[in-house]
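Here's the structure we're looking at; comments come further down.
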Amino acid sequence: MTFKFFHKGAALVLLCLMLFVMISGCGSNASDPKKVGEKAYPSDQKEQVLRLGAARDFKSAAQGRNMVFEYLVSVDHEGNPVPMLAELWEIPGDSKTYVFKIREGVTFHNGTEFDASLAKFALEYNANNSVWGKYLDKIETVDGNTVKVYLKDYYPLFLQDLAKNLVVSPDAVDPKGDPSGKLAEYIGTGPFKLVSYHKDRDAELVRNDNYWGKKSEINRVIWKTIPDPHAQIVALKAGDVDMIGITEHHSSVPYVEVPAMEDAGINVDKTSYGRYQVLEFNTLREPFNDRKVRMAFNYAIDKEKMVRELFHGLTEPAYTITAPWFKYGPSKVNSKYFHYDLNKAKSLLTEAGWSMNSSGKLEKEGKPLEVELLIPAGEANADAVAIFVQSELKKIGVELKLLTLESGAAWDRSKQGEYEMFVHHSFCLPWVPGGIDIGGKYHSGSTSWPAAYHSPELDRLIEEAWLTPDESKRKELINKVWDILHYEAPCIPLYDIVKVSAYRESITGFKPAPTMFDMDFSEIKIN
Amino acid sequence: MESVLKIKDLSVNFNSKDGIVKAANNLNLTIYSGEILGLIGETGSGKTVLGQAIIKILPQTARVTGEIWYGNRNILALGEEEMNKIRGKEIALIFQNPSSSLNPSLKIGEQIAETVQKHQGLNKKEAWEKAEAILSQVGMPPRFAHYYPHQYSGGMRQRAMVAICLACQPLFYIADEPTRGLDVTVQNQIAGLLNSIIKNGKGQRSMLLITHDISVAAALTDSMAIMYAGEIVEYGPTREVFKNPLHPYSKGLLNSHPAKGLKPIKGFSPSLINLPEGCKFFSRCSRAEKDCQKEVPMFGRKGGKHIVRCFYA
Amino acid sequence: MGKIIIQRLVISILVMLAASFLSYFFLYMAPGDPAVSIIKSQTGREPTQAEIEIFRENRNLNIPLLDNITIWFGMLSKGDLGISVRTGEPVLHEFKDRFGATFLLAVISLVLAVLIAFPLGVLAATRPGSVVDHVTRVIGLGILSIPEFWLGLMLMVLFSLTLKWLPSFGYGTIYHFILPTVTLSTGMSALLMRLMRASMLEVLNLDYIKMARSKGLNRPLIIWKHAFRNALIPVITIIGTQFGHLLAGTIIIETVFSWPGIGKYLVDSIYARDYPVIQGFVFIIAAMFVVINLLVDLSYAYLDPRIRFEQGRN
Amino acid sequence: MSKKIFPKNRLLIFGLFLLTLLIMVSLLASYVAPFDPNYVEVENRLNRPGGKNILGTDGYGRDIFSRIVFGARFSLSLAVLVVLINLCIGVFIGTASGFFGGAVDELTMRLVDILLAFPNIIFALLVIGILGPSIPNLVFALVALGWTNYARITRGLVLSLKEQDFIISIKAIGGGDFYIITRHVIPSIIPFLVVLATLNMGHMIMSIAALSFLGLGVQIPTPEWGSMLSEGKQFIFTHPHVIISPGLAIIIAVFAFNLLGDGLRDVLDPRTKEIIKT
Amino acid sequence: MLEAVNLSKSFYYGLFQRNKNDAVKNVSFKIKKGETLCLLGESGCGKTTAGMMIAGLIKPTSGMVLYRKENIFKYRPKELKKFRTRLQIIFQDPDTVLNPRWIIEKSLSEPLRIHGLANGKESRDRIMELIETVGLSHEHLNRYPFELSGGQLQRIILARALLLKPDFIVADEPTSSLDVSVQAQILTIFKELQKKFQLSCLFITHDLHVARCIADRIAVMYKGTMLEEGNAEDIFSNPVHPYTRGLLDSLIIPDPEAVHPLDSNIPITSDRNYTGCKYKELCDYREQICEEKEPVLKK
């Protein structure tokens, strides 16, 4: 039998055909004629186009969503709830009922007017994905612009949680109008409308001319995805994008690049959002079950030098567990801060029973002081910090071993308390910063941090603080919590992870948003 | 009779990592039109090199000296371009191993047609028609032109090889061990085919038949030259050489054949790298004297065309 | 030939399924929770237990392993590869949106490499021992010693930073293609060139090339018609197997040049423990291997009649 | 025979020289390196080459030259380890399946087909992405697929050897399977394996560097060339010297092995060329 | 001495091993002590496969080989090892039979080492003795196979085969890759040794001239089947089977005076398996029955 099928060029034709199918089937996006962000949109006076260089895809970044969607309630820089789509709210009586007055004159991007019933839908939609949903009893519309939410129990963080809940149109979810559906279309009330989107590549937004608040001068925002931070910087310098760093909820612009950028005439904004990088101790294990050792470690690290040399002095060393200026932050701590003091560190260790041996290493009963620092892979700046801390601890005779684990595995270790030290960072708004909420890091109910510092006294104070609706009493209790924690030194706060945004000289009116998940374009102009 | 090819003082050396291989030493040979000249020798005696030297396809490491006169042209002095006009058109080489000498990825027809296309300026279609005609000339159905070499049996491949060489009806053929490795019956067929090509050439065609098989030589050739260690030791009309072999080696070779008594020559052939001085057959020769070891004997004429390179023959 | 292809297909499909299940199984068994990784990557902090539970419930992460496999099978039979845990979008869409970029990068690099390698390889093989041969050999060997990602970085420093000729990253215009494709094709062309040279040298020493010479054919005809085609056969196989390395290479190059392809997405998905994406991508990549191998087989048959008729003869 | 060939192959000699140099440097790392490779001195970070740091310092003020020297020790020994493990597994499986054939052969070769189809970087990515970066995981990821090539080539060699008359004749004389394998088969394929392993060494050094570059290799602060590149990548536009010299170190090491393998392939056995193509 | 009883070997190939190729079909013969049986046939007729089965290197699909009335395929490992000293095989291509990386002496002493028969000086003496018997000298012992010519290697192999003092030799085309003069040397030595050691021999060849010189009896094979068997003299003087006759007719004699059976017509035969006589396509005496039945060997 001879195989007639392969007569002469048949195989070649087939090959070409398959290649063609593959290219045309998969490369359809590639042949999009619109060159987003290129010269097609000149930044002249008539149309102001802002091109953002972003590390992440538009839809997977909260900052992207928050251009299109808004919340009922937002938070300010310290964490106080502030009105947004809810003009005002009341908490009558038992602190379990919330009455929201919906702002008038707000329309969705598709033209539908935002009212109480749509607010109710948005709340129901979010209840499915939020912790407060567990406390929810029912939602009622009182009239055209009043919504009443009944909770089953007192939930202290309800308003803060709302500051993460997007107000979406019923038309935006799939299936339409179903509160348990999933977000399919970007129909919100925000200052910008999404007009085109290419996954991992770019997105284009135009100004919402019907926006209820202050309208931006910017007509058009181009979101360009550039995952590599250095590539972002090159793009910024080359003028391919106007602004970078602003789109991230962490510092994506490497600190090391900042001086050179400033030299090149690029504006750099450094904003603190109170997120601190910290080294957690396992307080259940030797040697960190001893407060003196924990304190000694705190004294032993020259954070000033670290910030100056490794981070070009762009940020501040941290001496409190989280930023003191937060609403519930450690603003009134009585304990002394652990400023760099080698002698104190050494004497504390001697007190704790660790003595220097002949080879310059600390030991106790023949056991050397060796500690392992767990680094979750991908934790920003963790490697730099680890290597620095390693060299600092070496000076007091401590050998620090470094262990990088895939972050899921590292997280598992922390859950099982299987670590000695752990590079981590504190929470920031709109969550409760510092791990002092119920189930938070320093509460014994924490499932994630069983080996962090816990005590019955601390638990009592935390629980009491969060279960009282009385704001001043809560503050008082929380100050006590911070006192205990700073006395116990459960971790080494290292430095403030400031968010760096960089933008071209032509841009004026840059204003940092209250939380790192938002962007504020209300004053921005391109000259 | 007119001479077709005259080889004068041809030597071929190769550089190898073990030393210089003297594959052919001072060969002189004349082939006359209409005849089949048999070049008889054992493995490693340099006979294949001679065939490839005539058509100038030896590897670049080969150093060829001497003259090869084809008509009034010295082949060794010709450029590659002029040579390409002779190869395949006037001189054709029938290779010894058809399975490896046919291009496995081209149809037999194509392999015949491309020669025709090149030398006779025919277009593709005409060339293919010609190819089919030639195939039937060597006794194969024309449809076989559309087959690939691996679809042929061993004997058929050898026929295809002959067909390729026959394509432009050249006048001079070099057949390099055309019957090697074939079964007895197929051997006869190929031998018959070669014989008919020359005999049908009206005295115009001639052939250099390189073989180690004295039966085939006996059956086909008009005259024969016997090679030993890169040298021709005896030359003469086939009948005479068989009837009266003069050189001790020729005698031994003929008598080694099972049909002729299976009487072996003692000893081993020398390697082409370390050839002895004097007569190369010296160490194996029963009639050798001292001077054989010192001097290479010259050819001596022994009546008619029969010549021999031996002092004592 | 037909039978061989069917046999291969059957085995390949089993391989595809096995590969995707294995990757799923490993991910499922590995430490780490997709809920944590994903919430973390979106918010930059570890989620609370309550948030994790809600997320797991919403993204169907609480289904047991075996049930998940049957569900996946059911979906696969409808041409559905499930939904990404991370983005909540169908895996197939995620793949399609990104594959174009990777595919273009890989194919352009391959074509570029072939265009450079084949003529050079043939040139070197036809002049063994010449200056061209030695130079290409040493340079080829040198190029093969350069790590691709490093080469990419160096090209970036040279052409984007110092000379400012080309964009260092991104996707869109033809200029964006230059650095990544040059990076990818450099090593590949060195490899293919060496292969082509070796294969060609081997073929040029075969009897049928002597035969072609003895027919009086011109040198170019001998080289391209007789030698090149036969020399191509082993090279084609290598190109087929190299496709895997090409994909692997693109993963690294994509991270270097911020290329919006599947490579980076796959890496991120592995870290996010995005089971459906890994499972689906591995399945599709395996499927592509099957197609590539099939194409290699077909081109084999086209180039080498011995294979085409292998079954037919007996 | 060897006397004549070796001087001719200048590239081989050069490769041998480079490799000896590398091995010497890595063995005598503590003498060659002027500084402790892990000594951090942030005040001295990102020094340009020259002065007391020949190749400058990295982002933490560590001496790049010392790190490269110690990195040589690490990269070479890890590559040797992986290649040896691969070689042993591959030769064992390849010999067994080639020599005895049958269902075992069928099964292992299908497995090899599957594994060969898997791009090894993707596989290593999966393994290390799942299990986390560490040296044992790295070795596992590189071994899990790495042996297949050896197994395939060994099997091919054994299959062709098995059919050769000299093996059959020993069977006919009465030599047992074990005798034939240990006395004839394995010794006959050793030249091929040497070439294969040498060429594979270069490949392995690059794979390890690539994985380290992706952050999947060794733990910090181990000096390793790939992770030096990975750490230095952030300085590419401000201080390119941080990534140029480790890259050159990789190239030199890989080049040495490639030259050696290529030269050995030419010298040892002309047949090696046909079997080991790349 | 040795008897082949209905030996058959089929090779299976293709998808699911569905296709079958009968390499050898129902071959039977007997060889007496000191006798040489020549297995004569064209290439691909299955004669090598038959030889390998006799030597116990290939298991037959059916049938058996009896050595001194014992089936060699039923041997236990120990008996098989013993049998290996009694029967030796000589291959076609001497260049490939010795380990190319070993010097000749090492290869030569190998059989003794494997069977633990002799070592040291004793082994060396025996080797020296044999090496001289085959016309070589001790200087050849320290060489590598590639340094020796085909004829010399074939002598070495002969010597090695005789080292274990076998009583049976399977020689598979031992001279077909050699030149005529070398062939004559080897065959002469072979005949001498056979006489000296009282060897029985299965001699496989395609060369009628060689067969005539060496054989006591001849068996003619064609496409896996045996067509004719008999005394060498009888076969040559009075061939019965049309194939044998054709074979003898096509023999070219090294004599330019003779009439040579040159024939330029080519018969095209098919490779397929079919029923009936294997030779029917080329046979001048073909009749209807040849199409239907495969003839059996008769006296």
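A, B, C, D and E are the chain letters, set down in written order, and residue numbers restart from 1 in every chain.
One rule holds in what follows: a contact is a pair of C-beta atoms (placed from the backbone, for glycine too) under 8 Å apart; a residue touches a chain by one contact, two chains touch by 3 or more.
Quick caveat, the model's predicted, so the values are computed rather than measured.
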| item | value |
| --- | --- |
| Required steps from chain A to chain E (each step between touching chains, minimum) | 2 |
| Chain closest to the middle, measuring from C-alpha centroids that were averaged per chain | C |
| Greatest separation from chain E - chain, by CA centre | A |
| Most distant chain from chain D, judged by the mean position of its C-alpha atoms | B |
| Rounded Å distance, chain A centre to chain D centre (Cα mean) | 42 |
| Chain centre separation in whole Å, for chain E relative to chain C (CA means) | 52 |
| Distance between chain centroids, defined by C-alpha means - chain A, chain C (Å) | 36 |
| Intercentroid distance (Cα basis), chain D paired with chain C, Å | 22 |
| Touching two or more other chains - residues of chain D | 129-132, 233, 236-237 |
| Contacts with 2+ other chains: residues of chain E | none |
| Residues of chain D defined as touching chain A within the complex | 39-43, 45, 59-61, 128-133, 215, 219-221, 231, 233-238 |
| Chain B contact footprint on chain C (complex, rising order) | 206-208, 210-219, 221, 225-226, 229-230, 303-306, 309, 313 |
| Chain C to chain A touching residues, read off their complex | 1-2, 30-33, 36-37, 40-46, 48-51, 54-55, 58, 86-88, 94, 96-101, 103-104, 107, 160-161, 164, 167-173, 255-258, 260, 264-265, 271, 273, 291, 295, 298-299, 301-302, 308-309, 311-312 |
| Complex contacts: residues of chain D adjacent to chain E | 164-166, 168-176, 179, 184, 187-188 |
| Chain D-facing residues of chain C, complex | 11, 15, 18-19, 23, 26-27, 30-31, 138, 141-142, 144-150, 153-154, 156-157, 161, 191, 194-195, 198, 202, 234, 238, 241, 244-245, 247-249, 251-252, 255, 266-267, 270-271, 278, 285-286, 289, 293 |
